[in-house]
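I've put the structures underneath this note.
After this come two complexes, each holding subunit A, first together with subunit B and then together with subunit C.
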Partner chain A sequence: MSKRFRTHLVAGALAVAGALASLSGVAAQTVKVGVIGQFTGPYALAGKQLRESIDAYVAQYGTKSGSQTIEFVYKDIGGSNPALAKSLAEQLIVKDGVSILTGFFLSPEAAAVAPVINETKTPSVLSVAASPPLLKMSPWFVRAGQNLWQPAIIQADFAADNGKKRAYIAVADYAPGHDVQEAFTKRFKERGGEIVAADRIPLNTVDFAAFAERIANAKPDIVATFLPNGAPAIGFFNALAARGVTKTAMIIGIAETDDPDLPSYNDNIIGVYTSIFYAGGLTNPENVALKKVMAEKFGANHAIGVNNVSPYDGIRLIYRMVEVQKGKFDPDAAMTAVKGFSWNSPSGPKQIDPDTREMIHNIYVRQVQKVDGKLTNVLVKTYEKVGVPKL
Partner chain B sequence: MSVDRAFYNAAERNRFGLLEILFWLCPIAAFFLFPTSLSFATHVLIMALFAMSLGLILSFAGIVTLGHAAFFGLGAYVTALLSLAGYQEPITATFLGGAAAAVLALVIGPLLLRLTGLPLMMVTLALGAVMFEAANKLGWLTGGENGLGDLRYQPVFGIFRWSIYGQTAYFYTLAWLFVLFLLTRSLVASPFGLALQGIRENPLRMNLIGAPVTGHLVRVYTISAFIAGIAGALSAQATGFVGLDVLSVDLSINALVMLVLGGVGNIYGGLVGGALYIVLRNLASDWNPYHWMFVIGAFLVVVVLLGQNGVIGIVERLTSLISGQRKETSP
Partner chain C sequence: MDYLVSSLTFIAIYGVSYGMVIFLISIGLVITMGLMRVINLAHGAFAAIGGYLCTALVSSYKLNFYLAVVVATLSVAVLSLIVERGIYRQIYRKSELDQVLLTIGLAFITVASLNFLFGPNVVPSQLPATLSGTVELLGRDVQMYRLFVVAVGLAVVVALWAIFNWTMFGAGLRAAVDNPSMAQAAGIDVSRLFTLAFALGSGLAALGGAVGYGMLPLEPLYPFKYLIIIMIVVALSGFGNMRSAAAISIAVGVVDTAGRYFFPTYGAFIIYVFVILYLLAQIEGSPLRRKS
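The block that comes next holds the complex of A and B.
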């Protein structure tokens, strides 16, 4: 009987909530944005950065875009769970009535959501997910971050530009690692280099000594790598330094030495290069403004990571989608508005490729150096307006 | 463990009690009350079915396993692969998913079920881990970390189309859940069910009176695996996606948590616990996407401390307190 009473209560509350929602919908034009993030679990740092970026953007530009107000609805995945991502996307669209989705840290999440947004025509901004084939799965996807081929190709270009000939590839044994291996191999061979060996390192590896030994024995002049941030990357670079590889070869990674991770490293990391779409030291006005607002909101020691920057660009795209709306949300108009759209972001000039919906942006090669006694990513070379090549 | 008469009462009587009928009206009511949450409600039903399958072996045969997700996952992958291979008739696809899980249980059961207690838990845990890693490595077959997406199925009976609004998936799942529940209910009440309870209480004595202990256990293990496989198959059909999480150790452990939450030893334990756990998790993570696990943890602690038999145990004790005497109660 108490159950029946409770269902009555719930039904009543729902009716009231529904009436309120429809009222507010009439009073002010609101566009709801569903955010599917990793707010708990092993990837919670990325979820935190996503949230920070949204808060920072709202602090800078408010919640209004054009004539409409933007409201964010947050949902947590809490680990690698594509099926849950799909179910959350359905809930957000059907129940919460969101018009745009964003978030998507891991690529499988986005892949699972693709059929849903194809059916409901929901523009979705990939804030971090970097798997190359994603955008082919749905015409409603647009990429705010990088396509993993971009940094991998710049790894190869940078090595070739510096006269390196013998490459050793060491990547984590999961889909993103395989993508990097594929793109690097192709480009480096095109540039006349040789791949002496390629290792796929299991994700749960804790002792990298054996891999460092193999690499040292192969005597490469460049080691291209891509490992998850945190403990694996730290262990790997320490092992390389212990075996002396850091001295004898150029080592180039992708996101391993991200600014927020840098304090966890010791001096073994000095000299390592990375190739990615952001460098904390950029002095463009957008980056200066972003650093200022982040410092105000999250403390002076807050370091901006790449997983802050691409979600921030994602929010820029969402504001652009909403800006062009007149009255009822029109998904086609939203997509048209971002195709070919270009703007200045904290990470430099950006443009969405009108055909592929990939990001055309600068890729920066950075080197870890000790500046004023502190480990710092120093910008070494900028590759401008890198699009996504056909492999 | 002493045998409490109120323990498996619901199945002991052959007639449906009033409370049981009310219980089964709940999912029907949910359809009308929450028309926009049907895909979530379907997920609730699937997890309830999975927890029920675990309850069948844990509560009634005393088989403690930490690898039940192996069957859930196998069912899901088989149904998904059938769809990708072009076989998209939904009902037989679901059945085949369950059948594949049952075959696996039939093969490994005779080896596994010679063990009991801690060794059994360790081996089933290892089995689950092996299945997970195998699916991860066989990327060409399972899609590895990327999973198998965009699964399509024909309309049920050629009429009811699958869509993201989830009406079809909801009633389809509910129908399977109800049929399999009836099967479980009659199984537990049968002489076979009684023999299982005998094995749970004292396997040695059952051996001495000439009961085929391992045979009985393999049989119930296979039936339970079949139900778990069906749950997995339904999840593949309802979400149109299968990822590695269907084989994860987390899922096996969650099923155990659901069972403890609902009440071990009652056929409604898995159903109540599964539904409660998923709904609570969803409400809590909506309430606060960062600290929702705290709510779940606190709730579990309270339920385990208060009720010797989960939520059902608490309800039973409350009703007996109110009526002032211990009498048979339904959940």
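The block that comes next holds the complex of A and C.
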């Protein structure tokens, strides 16, 4: 072998290796996803659930979608802090180079981030934030959870379907409470019901006996509620039970008796209904698989909450956005890929409304019952493919 | 008319029982602040620990509820003895800022520890069946628990009144509140008195936390959540004045309940209007002031 030929051979091999390397460089491109979560502070439980859902999804489906690898970058917001959410979004996009944002537990966080993502064209998946007007604030938002009007309207429909006529609305005095009050009132009146009274309960209320007394005196046949999970909801339902309202009227809430919260209640919660987009007892294969992976990773006693399920669906949407990418991240292609996208989630069949980017999904009415000595949310009625109505 | 009568009986029963819980968790601070002039912002922590201990004893060790209340109260009293000797002793002569910083730090430590040990959620209530039931009273159903709380509160008021008026400990306490150096000079061991009073106050807070958790649910943030209402009682009742603390607590409970009942959305503010009016009356040298 001549010296010259050998040189050629080496050069050729190097060239091939170089070409391969650059090829695999394209193939192994990484899409970074910024996660703005409540990992510490008063809503740390939701942040924990968000992280669990991401871990569970990655455990099931790996980090690759299409030809690209997904990498999550976590940022902690640690409480109700819209200004911080905005600056975290800027940091994630500019400094960390993320192409997609997710997280967003509280709606004001998402509202604060809207101007940023409008400028940078960053698709953002709202994992929990449920305020109705959010999606109008940015064409780059897509909702993985519910619009708060959806469960409120089903509260009214379920009450009307059961022949209830006199409704008492008791909601916490904050924006989500007002949204529920508005949607419920409109729908229940349309269905021929009467709103006996509506109370907005201050968030700092400790002793709920006065509200229970007002409700009992008004003699409604259905009480529609929406209060934050935890101490307020538990105090309120205890007061209703102590005053005997749970026996005389149908009580229907939204997320108050979520599976992870149920052990904090007494047996006097039995009989209370809730209307929301998930029920732990669903037997579809996706839910069975999710329960299995959650139990493996977080222990057999892990209860999946709604704040696990919608972030999990959010990750599904992100994988869909990445799946269609070829080479450099194209935000328009990402949004087009999720508009009208439908799939089967642990919470049932899902579809993103192509016009509004809202979720069209099942809303389940569940009732707290005692099953095998344990408080359980038992699925009572399924309202299929609920979209977002115009109010 | 019917509506008025049922409203008034509701406010009377529920307002007084709520006031009794407030009295139990704040009387300790009224006494210790009167004695030592220490702003103990960690006072609510003793109530929280009492409540948590009581529920843990009932749920994990299947202890009888009433027995658990007693055990929790005594344990917290003993714990507070240690804390007083070990920590509070250091700050009696320090500036107010040091006292506030240290005690609020203790409250933060308590919150973090409770969160770590019991999780961030509300602890389920473990009331015995007898207390969850209702009885007919003044033409309406009243939860037994509310009456139980009123009974406990009244018993504590009577016991404290007896201690204050008929025992040497009470006499020494009254003397030390009025003038600590003179009391010391007259041969009263004021420092020992402080320790005992501190343990008494913390024990009562624990009792309030344990019997009151049907109204004030237990969660890690408890020490801060109820600090404002405790401070209202302390501010309005004056240093170490047990009788006016009882009256003020009940007034606060009744005003708060009535406010929420008649004006649900803005009811939460009524209590502050009450506080402002009451304090204004004091500034102008009304007869209310001479009580303390």
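Structure notes:
Here, the second predicted complex is superposed on the first by the 364 of 391 C-alpha atoms of A that agree within 3 Å, B and C clash if a C-alpha of one lies under 4 Å from a C-alpha of the other, contacts with A are read in each partner's own complex, and residues count from 1 in each chain.
Methods note: contacts are C-beta pairs under 8 Å (C-beta built on N, C-alpha and C of every residue); 3 or more make two chains touch, one makes a residue touch a chain.
Keep in mind that this is a model prediction, so the values were computed, not measured.
Aligning the two structures on subunit A places subunit B and subunit C side by side, free of any clash.
Looking at the shared chain after the overlay, A:N217 reaches subunit C, while subunit B stays out of its contact range. Of the two partner chains, subunit C is the only one that A:N266 touches; subunit B does not reach it.
Looking at the shared chain after the overlay, A:S107 reaches subunit B, while subunit C stays out of its contact range. Contact with subunit B, but none with subunit C, is seen for A:L84 once the two complexes are overlaid on the shared chain.
Look at A:D76: by the touch rule set out above, it reaches subunit B but stays clear of subunit C.
When the shared chain is aligned, no partner comes close enough to touch A:T248: not subunit B, not subunit C. Residue contacts after overlaying the shared chain place A:T382 against neither subunit B nor subunit C. Here's the short version: in the overlay, subunit B gets within 6 Å of subunit C at its closest Cα pair. The intersection of subunit A residues touching subunit B with those touching subunit C, taken from the two complexes, is empty. Residues 3, 6-7, 10, 14, 18, 120-125, 127, 132, 134, 141, 143, 145, 214-217, 219, 221, 225-226, 229, 256-258, 260-261, 264-265, 267-268 of subunit C are the ones that touch subunit A when the two sit in their complex. Residues 42, 44-45, 173, 199-202, 204-207, 209-211, 213-214, 217, 230-231, 234-235, 238, 242-244, 260-261, 263-266, 268 of subunit A are the ones that touch subunit C when the two sit in their complex.
Against subunit A, in their complex, subunit B makes its touches with residues 26, 29, 33-34, 36-37, 39-40, 43, 144-147, 149-150, 163-166, 235, 239-246, 250, 285-286, 289-290, 292-293. Here subunit A touches subunit B in the complex through residues 3, 7, 10-11, 14, 37, 39-40, 47, 74-76, 78-84, 86-87, 90-91, 93-95, 107-108, 111-112, 114-116, 119-120, 131, 137, 174-175, going by the rule given at the top.
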